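Shared chain: chain A. Partners: chain B in the first complex, chain C in the second.
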Partner chain A sequence: MTWLRSTGWRHLIGLATLVFALFPILFVISASLNPSGTLVGSNSLFSQLTLANYRNLLDDPMHPYAKWFLNTMVIGGLTAVGTVFLGACAAYAFSRFRFRGRRTGLLTLLLVQMFPQLLAYVAIFLLLLSLKDVFPVLGLGSRLGLVMVYLGGALGVNTYLMYGFFNTVPREIDESAKIDGASHAQIFFGIILRLVAPILAVIGLLSFVATINEFVIASVVLVDPDKQTLAVGMYQFVSQQFSEHWGVFAAGAFLGAVPVVLLFQFLQRYIVGGLTAGAVKG
Partner chain B sequence: MASVTFDRATRIYPGSEHPAVDKLDLQIQDGEFLVLVGPSGCGKSTSLRMLAGLEECSEGRILIGDRDVTRLQPKDRDIAMVFQNYALYPHMSVAENMAFALKIAGVAKDERDKRVRDAAKLLDLEPYLDRKPKALSGGQRQRVAMGRAIVREPRVFLMDEPLSNLDAKLRVSTRTQIASLQRRLGITTVYVTHDQVEAMTMGDRVAVLKDGVLQQCDTPRHLYDRPNNVFVAGFIGSPAMNIRDFPLTQNGAMVGDTEIPLHREAVAMAGREGNTVTVGFRPEDVDLAGDGQPGVPVEVDVIEELGSDAFLYGHLPGANPLEDSPIIARIDPRSTIKRGDTVHLAIRPHHVHAFSPTSGERLPDA
Partner chain C sequence: MSTATRPEGNDTTAAPSGRREPGPGPRLTRSGTVGLLVKLSALAVVNALGVYGLIALFANASWLGFAAMGVGLVVVDYVYFGKRAVAAKYLVPGLVFLLVYQVYVVLYTGVSAFTNYGDGHNNTKATAIATILSSNEDRVPDSPAYRLSVLSKDATLYFLVTDPAGKVSLGSAKQPLHPVGDAVKDSSGKAVSLPGYRTLSFTDLLAQQQKVTNLRVPFAQTGAGSLRTTDGSNAYVYRSTLRFDKARNEIVDTSTGQTYRDNGRGYFVDASGNTLEPGWQVFVGFENFTKILTDPNIRGPFAAVLTWTFALAGLSVLTTFAMGLLLAVALNDERMRGRRVYRSLLLMPYAVPAFMSALVWAGLFNTDFGFINAVLLHGAAIPWLSDPWLARFAVIFVNLWLGFPYMFLVSTGALQSIPTDIIEAARVDGASAWRIFASVKLPLLLVSLAPLLISSFAFNFNNFNLIYMLTGGGPKDLSAKVDVGATDILISFVYKIAFGGQDRQYGFASAVSILIFIIIASISAISFRRTRTLEELN
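And then the complex of A and B:
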């Protein structure tokens, strides 16, 4: 009884949370294996098991799932890497250099990030439309263009988050490296980036997940089915009334979640505390 | 190896009017161990960082050897610095920490390893070469920071309070180690501390700073025996010198009911400014006056026993012991004086320092 009161309740709460988190996943897996194709038909979990939905998903020439998958991975990956790199560069500058407009710059970032990117999508659409005429690589319908939009949109929050983390790395480390003869680039890549690895992993992961889930802007920018992302493409499975393919959709969603989980497992090892322990006598 | 010259070097931090370092003029000889000392916030670190190139000079110049380095980047100055908090690279092992500068300078791996091993041997760091800084004790980290500076074989060592994070005992032993290491390597060293005992024991010369202004730069002996002004007199020495204003007489100062003779010129100069003079005497320059001999009466407040010495803290009769700074005298630790006694102190006349009561400058004594 005392065990229950001191530690046991934690296990109970943990168990409840686990059920809460796992149930939707189980439901999706079950639906993806259920040939009926409707959501209501899947209500009894794992009543029927077939791989038909997966076969349909990959064979449908009207809905090139494999291409979407690849597009999503490339766009998500590029956005994540780009966001981390740009954010880290900006955060390093804000944290370490003293220049005119530094405070204003930080404040502007903070304000701009409060403006939801969603509201700007008409502007983004028009911008990319005219960009298409002069610089088609980045114009409407281009995947690279979409990446650029994502990079710009995410810079504010991420720079601010990283800026805070960079400030926890003692400046003396930079100064000591400077005296040891290191250039700014050597300090940045060789020392600072190693010490802020946790925030890089977090930002990279968040940015990847956000990009994969992003729908509104991607659906505006990418019109050619071959260039679409998973979120945009798979929406077609369930958007037409009376021909909703929930089973196929669930199969696609399940496959799409796999890389995110893998990436998380990979990045998890970098999300640790105490990297700067031992640098300075606290 | 090189000499170092501060030529009217000034640093005004952005947003502040008062210079953190004000027209610092200082020549440091080749191979010399110079200690910068002063109370907190007096500009010691700033001076050192100006020499390192981490702070700009607002005015004036800094020379290393004959080369004007005022506008040079830190890496072009050929200096090594030990930071107060060590600033080790936490993701590198001890060996990598020490080799970092050599690696950047493009020194070959064999040579690098050799120099790291030599420095590690010198500092007793050999067992720890593969460890990360976080697995070291404070004292070991301090030695790694030293080692990182030593392997560079720079022209000048800069050290900013490298011992302040160590415990008292380790501080004393490391102090001696650093001083003897510097003598052995013969590298010009500028050492910052706020601890005047460290300053006195380690430095060839000691520069005393206050509010960014250099007060005096001299050998420890000279600094102790002939302080330039009241500030240096009070700062150097522990316990501090007894300093206070006394009425001026024909030939000196009236301390209690005894007259202490001062130099003729000192009396004349103080006389032009008023009718008092600031007199200082060290606790060890005081004897207990025997019965019937003249002496300053002092009521004893506290006796501080240090084993080899004892110090008497007291006040002049009529003075408030809580407000006035106490009069301190070194006494025989086996004496039987107790709290509340009144003793008579005889001040050794040739060990008295006289200062101007207005400017605080030393008055002539010879």
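And then the complex of A and C:
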């Protein structure tokens, strides 16, 4: 009885939530291994196990899953790296230099990014269409072009978050390095970036996930099925024949989620710190 | 879109780990040379691309792009070759992307909000006139026959024609007719083939009959009309009966004498109200904005969508925060074993890409085959996603699943940062555990988490993927005159107006986008001011 009152109820709540949290994931894993391949057939959990759905997923020339997967990882990875780099540079400027329009600049960044980029879809389409005549690699239909569009959102909330983190790095460190003859670039790349690595990891991860989830712009920029991302490809895939393709879709969802989940688990310590850092002040 | 998935905090006090003293002088100097080389080569590449871009833009006669590129290049060189603008060196890269891909497109949307851009009004007036004239062509009576061979190259069809005088010309839909010299002629003098092109045989013609008969090959001279064919062996001159009278700004039908006047709203209209398609883009002032309030077909659906958007955003924050907090309180006890395992596993819904989760939940909620009806409810046929209220419930429920781990994480962090002496003091004063939670912990928690809750509200206000992937905005409201469903939020509503199946109204959609922007920006500005998170900016 005392166990129940002290920690027992905590475990009960925890376990109940675990069931809620993990059930859909277990369902997807079960469906991906179920040979029936349909939604209704997937309801008998873990009754039969085969890899047939995975084979179908990777063999379908109409829906080049492997390419979608690779595209998604590359586009997401490049966007994450670019976002972190551009954001960190800007945060360094805001944190370490005093210049005219600094406060206004930072507030303007926050404001401008509140316009959801996906609503500007037509403008983006026309912009990339005309870019295609000048720099074909950045134009419509190009994966690199899509990354560039995403990088338009690199400065914003992220910069603000990093700015806060940069401010916690004591200025004395900069000063002493400067006395040793270091330039501002050496201080930035050699010292500051290493000290703020945790926040860089968090921003990178969140940007990666946001990119993977992005659907509207990716679907307008990338038309060729070989160049599409998982979000675009898989949505079209299930929206065509929802319940018949279920097993294959589940296999694709499972494979697609694995790298992200692993990253989350790997960076878990940083995420908890990075997310709460902003909120928690003494 | 490439900012954070979930809203984050704004400031921090957490000390970074692993502080290091700067390295000794000589190492820095050496890395300085490397740095200089990297900088110079990067600038060389940027300048090379910039100059190339200038040339290409000049060749395309896109003057706006040319000016922007020129100014950009000068600024970049000034900033990086000069020594004075140090802060700008760190800001310019991000700003370039921001200006091109965010500011420009936002401004473009802002301008479009004041136009009637959309289906029927897609282009400029000049293009509209050209389309109208070319689509109203008739065969010129008694015009001579041009002997024709249909050629193809790179999936494009060409007309190779021999005119009555024996001269040979080539043209396609995009390329006006122009004389060619090296065509091969048959015994009758008809040009039949051209090096580099494939001549379509009779069976080819049959196979592509539709494409061939629809092909319109214009003459080089404007107003001269075009050549078309009905049988693939003879082509005839087609000419528009319509004439554009520039001075009087009207289109005249020369065969009937009917006139179509520019009605000032992007259409040519005749006296009895017949319009010539297509129209063109014109500025309509605030019409798109006033339409939201005055158009009875829009007003009702818009109000419903707006209400539901606020309700969804509010309820999402409330439910996820309540559940996250409950979990955080429950699992935040040092005597408990397995806390790290719990945390790792509870993180899972947050880690799985949300678009996949939403699609999976759509399957689970499926009325006929979904697990919830078929297994959990023993074959009940509850229309989870096709009944308006059940669908709204499902959306909030799924969003709870997606969002509670985030709230759990931040609440745990906030709970752990509450100083223990405050709690101790309350305990000494004889406060019960519940009292300590309600009167001490919760207020402190709310103060510190307020910015995150506001960001979360803003995020859910525009949670497009959730709606699009789970319900598609449905179930559709069949009584409404516009395409709108019970779970449509503003952003998915706009998406349907702008890019939906029929009657796309991009100008109107832009106006609603601007409204969304204003709503979100004001909510954030007001609440950030009240929570004073921006105070440290000075």
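We adopt the following convention: the second predicted complex is superposed on the first by the 259 of 282 C-alpha atoms of A that agree within 3 Å, B and C clash if a C-alpha of one lies under 4 Å from a C-alpha of the other, contacts with A are read in each partner's own complex, and residues count from 1 in each chain.
The definition used in the following text is that a residue touches a chain if its C-beta (ideal position, glycine included) is under 8 Å from a C-beta of that chain, and two chains touch if they have at least 3 such contacts.
Because the structure is a prediction, the values reported are computed rather than measured.
Of the two partners chain B and chain C, more chain A residues are in touch with C. In the superposition on chain A, contact is made by A:Glu175 with chain B only, not with chain C.
By the touch criterion defined above, A:Gly77 reaches neither chain B nor chain C.
Judged by the touch definition given at the top, the superposed model places A:Val216 against chain C, while chain B stays out of reach.
Using the contact criterion defined above for the overlaid structures, shared-chain residue A:Arg194 touches chain B and also reaches chain C. Applying the stated contact rule after C-alpha superposition, one finds that A:Gln186 touches each of chain B and chain C. Touch criterion not met for A:Pro35: it reaches neither chain B nor chain C. Within the superposed three-chain model, A:Thr17 lies in touch with chain C and out of touch with chain B [touch as defined at top]. Legend: residue contacts after superposition of the two complexes on their common chain; A:Val238 is shown touching chain C, with no touch to chain B.
Residues 173, 176-177, 180-183, 186, 191, 194-195, 274-281 of chain A touch chain B in one complex and chain C in the other. Listed in rising order, the residues of chain B touching chain A in the complex are 14, 52-54, 73-75, 79-81, 83, 85-91, 100-101, 104-105, 132-136, 138, 141, 148, 152, 165.
Here chain A touches chain B in the complex through residues 98, 170, 172-173, 175-183, 186, 191, 194-195, 274-281, going by the rule given at the top.
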